[in-house]
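To keep things clear, I will list the structure first and then write my remarks on it.
We just call them A, B, C and D in the order they show up, numbering each chain from 1.
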Amino acid sequence: MRPIRVMVWGENRHEQVEPSVAKIYPDGMHNAIRRGIEHWLGEKAVVTTATLDDPEHGLTEEVLAGTDVLTWWGHTAHGEVSDEVVERVHRHVLSGMGLVVLHSGHWSKIFTKLMGTTCTLRWRSANDRELVWTVDPTHPIARGIPHPIEIPAQEMYGEQFDIPTPDELIFISSFTGGEVFRSGCTFRRGNGKIFYFSPGDQDYPVYHHPDVLHVIANGVEWAVSDRPEREVPILLRYDMGDFFNGHGYRGAMHNKESGEESAE
Amino acid sequence: MRPIRVMVWGENRHEQVEPSVAKIYPDGMHNAIRRGIEHWLGEKAVVTTATLDDPEHGLTEEVLAGTDVLTWWGHTAHGEVSDEVVERVHRHVLSGMGLVVLHSGHWSKIFTKLMGTTCTLRWRSANDRELVWTVDPTHPIARGIPHPIEIPAQEMYGEQFDIPTPDELIFISSFTGGEVFRSGCTFRRGNGKIFYFSPGDQDYPVYHHPDVLHVIANGVEWAVSDRPEREVPILLRYDMGDFFNGHGYRGAMHNKESGEESAE
Amino acid sequence: MRPIRVMVWGENRHEQVEPSVAKIYPDGMHNAIRRGIEHWLGEKAVVTTATLDDPEHGLTEEVLAGTDVLTWWGHTAHGEVSDEVVERVHRHVLSGMGLVVLHSGHWSKIFTKLMGTTCTLRWRSANDRELVWTVDPTHPIARGIPHPIEIPAQEMYGEQFDIPTPDELIFISSFTGGEVFRSGCTFRRGNGKIFYFSPGDQDYPVYHHPDVLHVIANGVEWAVSDRPEREVPILLRYDMGDFFNGHGYRGAMHNKESGEESAE
Amino acid sequence: MRPIRVMVWGENRHEQVEPSVAKIYPDGMHNAIRRGIEHWLGEKAVVTTATLDDPEHGLTEEVLAGTDVLTWWGHTAHGEVSDEVVERVHRHVLSGMGLVVLHSGHWSKIFTKLMGTTCTLRWRSANDRELVWTVDPTHPIARGIPHPIEIPAQEMYGEQFDIPTPDELIFISSFTGGEVFRSGCTFRRGNGKIFYFSPGDQDYPVYHHPDVLHVIANGVEWAVSDRPEREVPILLRYDMGDFFNGHGYRGAMHNKESGEESAE
């Protein structure tokens, strides 16, 4: 079985400009996450990284076509991700590329586009302890995960989290202040699978926490598509009695739906 | 109890240019739908209409602020709906305005934006008989609806319908050719409720069918928000121990989430 | 519109034998709950009560046939509820009677029968503060409910709560110790609607808390069936092309499904 | 990786008494299903069979403890399955044993117990053609399955299918007569995973259909638990601040929940 090709995408801005963050993550959050996935998946995965300031943010058509699962962490520069790259990533997710969105990535262009909502929440950065509880013990992403995960210091995220109802709710977190949050959720979009996992923040060493990295690795493994080819859903006409030969159309007059073929 | 303020939006293009459509719907599909809602809801609703060619498509800020539920039918001119109006409608739905999307509206800008997927499907216009079966008999939208609804001639819509998993699946349709379709689905987005119902096409008199109009009326009634005010979810910071006083912030450096207040 | 006929069922054992409980609930938890529903629903409801020690636990065929929504609180004597009465209540719920299950009712015969799981959880009675957070703001049961509800002293219930995935998750609670719990859930079973709400315990004055009673009242209102008659789903044979005349059968040999008609 | 240990359970009554059935399935439906799973899973599975008339229906404690996934087909003799064996199977499913329920198994004691509903439906045995359509293309059970599966002759099953809302809806079927049915559904119960798949009937050679057998094999593979040990959820008390040491209790008076430990 071919290894999972994972791309860990990180904004890599805080690490450049905030000494406190650079101290926790000397080579960037993205490399801490990469090492975590490599640790837990071993030979099952091949992991690369890219950052915001790479050309095309490191997410060219060629790169995405060769990526099974993309992980995303962004925070202060969501607006700097080019719309063209967001469209490209969106198309690949709908075509079957897995996506794991982390923490403040809830407000990324790609996640809000896939969700259709504001994806807002309530927050506080005041050293809350976070406890991550498993509510779906049968889920592969929960395999081997302690109940609960104890994270001594974290940024609080609290409900209401303005997302569509998750397809699957795997984890719920609590914080010292008493807030709760649906911290581990899955969504299907087109032919792609998406996992959102909230623990993690540039001001805390959460991406060195073995259980957090274990969940991310499980999520990467889960998000791989088992379809042989990448294809985005398209609109096709089918004659009566013919289930397997679809016809594309353009124009909606004369009783025909406008048909647009999606370029891959 | 104040009547539900309903706005029936119709593209109103086919009716202008195709005599066969004008024959079925002399004053437009939107007026047929309006009469259906008025028939089934009576004094419980006040219904107005607007079309694509009205200024701002008839969907000004003032109109939307005074609309409890918007119904949407479009087909050949989805691309002509201005992005600015789509943003406005999107914001109102997330704030609590109900939305009922009909038939080819599956491919409207507003529906695809709320779903995050392509919303494509398979289709055929060849006089299939459609049977609409109820799979959730407890749902208010299914109240008083025959099991099944028989629609003698209809455009076929078939799976796969590229939508997110519906929050609730109320109706499933079959067609003469054997195709099936999740024809009645609900979605929550932000503080708003959305009902998608597929039967209906400009080439068939489906919007004169009493059971179809009954479902649409039930859907309108269901989609009304029971929150007293329209408000879009926003991102706020909360101090430890204070659950009711949120603070907005700008800028994500110095350990703070960028806080944007949404203008209503 | 006819008032909702509500039956509040209480075990009424703790109140008899534990002075500390009798002090908090001098005329029983069931009467506190009854008064709460009457307060919030006013003329919209007519509320009666029954207890374990009534003949047939107060749940005769006649009583159930005249009950729109049954609320259930039990704890120490689940095993004393007769199987015959449980069967009767089960049949009525599947036929359309609403059911609101409260707190330790999670382990009642009727709830475990409807769920098919153990319905176990983790717990502690040590004066935790409970915060009840709303995660589905569009839900009618959440109407008018503070975010969060603050309950100063409560018994802790924590995940994993061994229930099927709720149809709708409305509330999530946190406790002083850091545990979380899916505290407000809905389930559809047959033609009936079920709402489970966890806050409440014989050792704490939770059933005097206005917000808790408000949720229970909202839940009662939501659980009412809008079907005109009570009928349990049954298995019927339908000839090709006939959608409306089902035939009952007995015996599964000779290509026929065994058909059992359910007596109402 | 250790092979999946599959037990294919068949009622094996029709095959004994109806020559038409014996002709289609000379060594029983259970062996046709077994061969199908062996074909599609190869070395990944070790498959055995058992029937109703075996001692304890072939489902002793020892057998179940050594079974990863149980498949179930029954029809005319659901009532002859002993309650004691049903309890045992139920406990194992809640503990992590996978369950695949086939066709008329919808009315088995074990399935109705896990669902909590009547599990009734509408039916007809008149050589309908069945088309099985995929509605969740990302699901592992849908891997490699044609869209649609064409089954030339089948017993019709139609909505309303009185089950709880499935956790996941994978397949929807249509029939010549126009009926629809949610033919492929998953449910989680406790630590176990359940897949219900409707195509198949003793009067039709459906269990020789390669696509049907492929789905069953995919379902078996999906239903395997990835937890290392079989354990049924139990109710435990946890002290404040201690998340990992639960205490069992008996008796609900004096502020303690009655704690029952489930024997495995």
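Just so it is clear, a contact is a pair of C-beta atoms (placed from the backbone, for glycine too) under 8 Å apart; a residue touches a chain by one contact, two chains touch by 3 or more.
Every value quoted in this text rests on a predicted model; they were computed, and no experiment measured them.
Participant: Of the pairs given as C-D, B-D or A-B, which one copies A-C, with over half of its contacts the same by residue number?
Facilitator: The pair repeating the interface of A-C is B-D.
Participant: Considering only mean CA positions as chain centres, point out the chain farthest from chain A.
Facilitator: Chain C.
Participant: Taking all residue numbers at the chain B/chain C interface, are over half used by both copies (same) or under half (different)?
Facilitator: same
Participant: From the C-alpha centre of chain C to that of chain D, how far is it in Å?
Facilitator: 28
Participant: How many angstrom between the C-alpha centroids of chain D and chain A?
Facilitator: That gives a centre separation of 33 Å.
Participant: Provide the C-alpha centroid distance between chain B and chain D, rounded to the nearest whole angstrom.
Facilitator: The computed centroid separation for chain B versus chain D comes out at 37 Å.
Participant: Where in chain D do residues touch two or more other chains at once?
Facilitator: Correct list: 131, 136-137, 147-148, 158, 160, 165, 176, 178-179, 188, 243.
Participant: Can the chain contact pattern be summarised as a line, a ring, a star, a complete graph, or none of these (other)?
Facilitator: Its topology is that of a complete graph.
Participant: Help me check something: in the complex, which residues belonging to chain B touch chain C?
Facilitator: The contact residues of chain B facing chain C are 131, 136-138, 140, 143, 147-148, 150, 188, 191-193, 225-227, 243.
Participant: Touching residues of chain C toward chain A in the complex: what are they?
Facilitator: 129, 131, 133-137, 147-148, 158-161, 165, 169, 172-176, 178-180, 182
Participant: Which residues of chain D touch chain C once you look at their complex with the stated criterion?
Facilitator: 14, 17-18, 75-76, 78, 94, 104, 107, 113-118, 120-126, 128, 155-156, 158, 160, 162, 164-165, 167, 176-179, 187-190, 203, 232-241, 243, 246, 251-258, 262
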